[in-house]
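Let me begin by handing over the structure; questions about it come next.
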Amino acid sequence: MSGNSLGQLFKITTAGESHGPGNVVIVDGCPPGIELDMSDLQRDLDRRKPGQSRITTQRKEDDQPQILSGVFDGKTTGTAIAILIPNLDQRPRDYSEIANQFRPGHADYTYWAKYGFRDYRGGGRASARETVSRVAAGAIARKLLAKHGINVVGYVSRIGSIHSEIAQPEKITHDMVESNIVRCPDHKKAEEMIQLIDQVRREKDSIGGTCTLVASNVPTGLGEPVFDRLKADLAKAIMSIPAVTAFEVGSGTGAAGMKGSEHNDLFFSTPESGIQTMTNHHGGMLGGISSGMPIIIKATVKPTSSIAKEQKTVDINGENRTLSTKGRHDPCLLPRFVPVGEAMILLCLADHLLRWKAQCQ
Amino acid sequence: MSGNSLGQLFKITTAGESHGPGNVVIVDGCPPGIELDMSDLQRDLDRRKPGQSRITTQRKEDDQPQILSGVFDGKTTGTAIAILIPNLDQRPRDYSEIANQFRPGHADYTYWAKYGFRDYRGGGRASARETVSRVAAGAIARKLLAKHGINVVGYVSRIGSIHSEIAQPEKITHDMVESNIVRCPDHKKAEEMIQLIDQVRREKDSIGGTCTLVASNVPTGLGEPVFDRLKADLAKAIMSIPAVTAFEVGSGTGAAGMKGSEHNDLFFSTPESGIQTMTNHHGGMLGGISSGMPIIIKATVKPTSSIAKEQKTVDINGENRTLSTKGRHDPCLLPRFVPVGEAMILLCLADHLLRWKAQCQ
Amino acid sequence: MSGNSLGQLFKITTAGESHGPGNVVIVDGCPPGIELDMSDLQRDLDRRKPGQSRITTQRKEDDQPQILSGVFDGKTTGTAIAILIPNLDQRPRDYSEIANQFRPGHADYTYWAKYGFRDYRGGGRASARETVSRVAAGAIARKLLAKHGINVVGYVSRIGSIHSEIAQPEKITHDMVESNIVRCPDHKKAEEMIQLIDQVRREKDSIGGTCTLVASNVPTGLGEPVFDRLKADLAKAIMSIPAVTAFEVGSGTGAAGMKGSEHNDLFFSTPESGIQTMTNHHGGMLGGISSGMPIIIKATVKPTSSIAKEQKTVDINGENRTLSTKGRHDPCLLPRFVPVGEAMILLCLADHLLRWKAQCQ
Amino acid sequence: MSGNSLGQLFKITTAGESHGPGNVVIVDGCPPGIELDMSDLQRDLDRRKPGQSRITTQRKEDDQPQILSGVFDGKTTGTAIAILIPNLDQRPRDYSEIANQFRPGHADYTYWAKYGFRDYRGGGRASARETVSRVAAGAIARKLLAKHGINVVGYVSRIGSIHSEIAQPEKITHDMVESNIVRCPDHKKAEEMIQLIDQVRREKDSIGGTCTLVASNVPTGLGEPVFDRLKADLAKAIMSIPAVTAFEVGSGTGAAGMKGSEHNDLFFSTPESGIQTMTNHHGGMLGGISSGMPIIIKATVKPTSSIAKEQKTVDINGENRTLSTKGRHDPCLLPRFVPVGEAMILLCLADHLLRWKAQCQ
């Protein structure tokens, strides 16, 4: 319980379901005096919204946020910021099939088992619709971090068996990412990815992938011993997103196959660079504390659970059934995942920036 | 700051350095009436302790815990349990070299940059010595979970490029794991792993690997929407351990290459089994809530940063230097990681078990 | 920062200002399956709302809540409940005077000094308007507690120098409290109180008072050693309400003048009563844990700071000024304080009830 | 559960019982680089320790703390500070009488009812012995606050019906307080208080009183809307101390009898003073945020529950019994309460100072 809040100083609390009146997020602890207008929020919300391209779900939501509090004269006041994003595209429909059956790969069964009954309209609280709140709050964190020069960019690095080839993740910009609909800055691979997604959709199927997330210009010193290591809090933030099955930092799973003499990033120093490492297997954190090198995270996202193919399942009476999920779904979650992943990194870094200020500045 | 606590209801707070008088952990929120004696703690501490085999560090610590509070007449009282594990093997030595130089792969540089100075004796608070507190507290969580039939077992599933072959992770027992010094229940691969570790030690090098962690018999319903998903809290718990670079649940990074029709675990029900899934790509959690299927986690652990080979680095004045780490180190962290990984899973599940009781029972 | 949440398991987070679009509260951790409809909220909101009688402010707000999430088919789902209470009576007015001057007794100066600027419209976040969120959330806690037989009733026990005479606070019912507009169940004293309030209003002044809050049928065992004593969490809950200057439990400040032999409440036991105490100087808590006796709290509320009389003050440039507060204000806060005080007791007890369930049930 | 921690950024976690090996406190979040030696802790511990004068208990404890971690080269490192205070004066004795009977005014009954059994040796976790941890941690907070010029002084302002007369609480120094054994800086009244305490001890009885606590030079801006008002967090801190029955800020309970025109503290400004108020009924906080005026708190402490007089009670079988508490007890808690009350104010201010730095500096 009480699992709807994240962060200690820059803290968000969310509520809302996919088919209720809307989603709301309260951002607590934001410093005062940060200039904030609707376009700051809208930019990231538009990158997440459904219906943005032919490879995303065709559900339509404008996702226009309303700021209910905490902003005055165009600036944050330092008090709680509440944002409401109304749900608009709620077609009346027949829920009788999914009301009593558990969609494979979804939370239908676990919510029902946990709470004894559930809001079966489109997933209720378990719907990825809730990530709209994360993106809205993340946009505020982005403004705060920008004042300290910190930048967070994500991109799709893998769809199915197609891997992008990006030599320097920290050089990727939002413009490069937004230049194609799959959000992969390797244009050649992006084309292949789009074709693959088109194909699985035609097959009434879906496909998984990987998102790389990079935070640049993070000052040395963010993160706390021993449990609130920055990598631990980033892991929680990313793994709290629906459909994420793996979290990697730096060399990630590759570290299992390496020797210490390969993996250790050697320090050097020049008058221009200050102290840095020659390589970045550590992904920007040592001892769980930011090292000043780019923070490099990878999130694996499973294939969309909602597919039009027929699947076996059971109903709430334990009867074995067959189900094919209707409705409008993303054949691949990755393109719309990018702004959500960025939001979680932004929120986590904003929190740790304030924690660092409190103790060490 | 305040990063030395973990958990909301079953909560631990730790303190201590590698070369101070000892490590201490306070366990808060443990239910009353749980029988607890020293042997419960000692069993897991012995699995973690240095010097236990030829492939671990030869540093010697008996790791005998002292219970300072919270236990009376052999049972937990419901009040705070404090445990002190004294440090005994603190050889007086010359720290002048590492006092001013940053060991590659270690937290020396980031602690120094964050706090302005640091306790340079053996890593201070950043030393993995602190995991002794996690294991002691985890042993208490193990007793609590056992009352609910929940069991947690970990084992080494990969060292370098050697992968174990375990068809059913949920069938692995502690006895199978403890039957060899590398803690891999695939005996054939275990032999190869031990040889590999011996070899890298002779090369003054180190090697990484992977630990698989399995929680069996977890009731359906543990985990909270939306940020405190069980997978998110498990990720934080595991990623808070020193040297862990990746966290995977179920299909893990493999999900990126799969289609929905492959990945979705179909439900079935029989009078004997109740509702289950035919496969377990989801790793025991759906929507972040336990499904009743075994929880399957993988943690990647980087190669030990302390190696005897010479490495380039810089000192606190930014001068470029050469360093070879002296002292007694593990050539591979994995064998001693197993009880630490188990402890973090145990602590996280104990916390969520109480949260579930509070709201849903 | 992050001061807009209260509670650990039954947790509320609020946002909103007096002159923005509305106030919002997210209730996290409420158990599933509690029947909840608008009338449950409306009853308490109506007791708090402005304009309810001639001795309250004549500002008008209907305070009709909108449930945005967390309730389905008339029952709580176990997920986050969001409630929006729109602000309706926002007369356009000239804020130029208070925008730059600090009203005595208000938070104008401290907010300005803390944040560097402030939302000067009607107090912004510091306005007691935010208590509407507390009352809405408290009504949900009331439903939860009612399932366990716990009842919370408050009443006005003092206005100025007029003290009510109530022999057995635990016998007071809501009907008795609501039988007059000052909410004092001693009818003779209530009349005097009403006259006093009428008089101070005519004098363009205001008056303070005391509210007594009683929780009955609380099971033995709520509250935690050592910092989360029930009395400590109740104190925080009550002292977090605007204008409260003192918190007392049981004998309260009177204990300073007593001897141990007078103050100690002696235990007795009969087959019918079980273990009880003969007197209740301890106010229902021993060692910070509920004893099963009625919990008796007193909250002192200062006179309304907004008075029509002219007062000296300074402006944001440090210039000395004279100000008389315009607008519609309560000449005495106590009648409308009663439901707010009850709400805070309800929220605190709901939280501790769940904590007790988690550990001890 | 989890009630053994206090604070968000400057956070303490304690454990220990009166008759176990000792008490331990972990201070998390303390900034690095604060000079700290044993004498800093010892000074306040000596003011709290038993046996310090003829009007305190004659139990003897030297209360010599051991720093287990977090301090290196005489300075805090920024990591968790653990302090152990061993219990020395544990006379073996016969607990058979109190093991099965509930001492009136103590937590014996509520602990037993909550947990099902209890550590009956001297109160276990409910013993005021645990306040030794608060004082040790408070001494660290005092060092941190001193760097910002903040000073906290407490004194006894009332014993029984004897009230001290102190015109300007903010002018009282530690030297003035320590000049007599009852810790009341009004020397004439102090004499009367000491006589009264001597008298109640001879009568085998005890007496209550009041402690005034003053924080000077607190910067404007500490405290958070809406629940973490500084007055709310101070209330929780003070009400978490054993035996405290009332908390007052500024005018306290007196505000109930005042008019707004009397109670409002008018602002003025001079070039020398800056913005201040002419009076200080608000006790240094407006809207829950520090105003720069001295913070004035009063805590009422009940008479010691342990008295040598015979009292009626019941045993764990519900049988009615008669009990006279043996052992060595304080006839009045107030003289030793002063450093404990100071410690709680210090801890709360240190926490809010860091929170303020994080958001507003």
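All chains are identified by letter, namely A, B, C and D, in their written order; residue positions are counted from 1 within each chain.
The rule is short, and it goes like this: a residue touches a chain if its C-beta (ideal position, glycine included) is under 8 Å from a C-beta of that chain, and two chains touch if they have at least 3 such contacts.
These numbers come from a predicted model, not from an experiment.
S.K.: Of the chain pairs A-B and B-D, which one is connected by the greater count of C-beta contacts?
M.R.: Pair with more contacting C-beta pairs, A-B versus B-D: A-B.
S.K.: In terms of CA centroid distance, which chain is the most far removed from chain D?
M.R.: A
S.K.: Distance-wise, how many Å sit between the C-alpha centres of chain A and chain D, to the nearest whole number?
M.R.: 46
S.K.: Just the number, please: Cα centre separation of chain B and chain D in whole Å.
M.R.: From the centre of chain B to the centre of chain D is 39 Å.
S.K.: Could you state the distance in Å from the CA-based centre of chain A to that of chain B?
M.R.: Computed from C-alpha means, the inter-chain centre distance equals 26 Å.
S.K.: Please output the residue numbers of chain A that touch at least 2 other chains, ranges allowed.
M.R.: 1-5, 8-9, 14, 29, 32, 78-80, 114-116, 125, 225-226, 354-355, 358-360
S.K.: Which of the residues in chain D come into contact with chain C in the complex?
M.R.: 1-6, 8, 14, 102, 104-107, 109-111, 113-116, 125-126, 130, 158-161, 200, 205-210, 220-221, 223-229, 231-240, 242, 244-253, 255-269, 274-275, 277-278, 281-283, 285-292, 300-307, 309, 311-314, 318-320, 355-356, 358-360
S.K.: Along chain C, where are the residues that touch chain B in the complex?
M.R.: Going through chain C, the ones touching chain B are 8-9, 29-32, 78-80, 225, 354-355, 357-361.
S.K.: Provide the residue numbers of chain D that touch chain B in the complex, in ascending order.
M.R.: 1-5, 7-11, 13-17, 20-24, 26, 28-29, 32-33, 66, 68-70, 72-73, 75, 77-82, 84, 114-119, 124-125, 354
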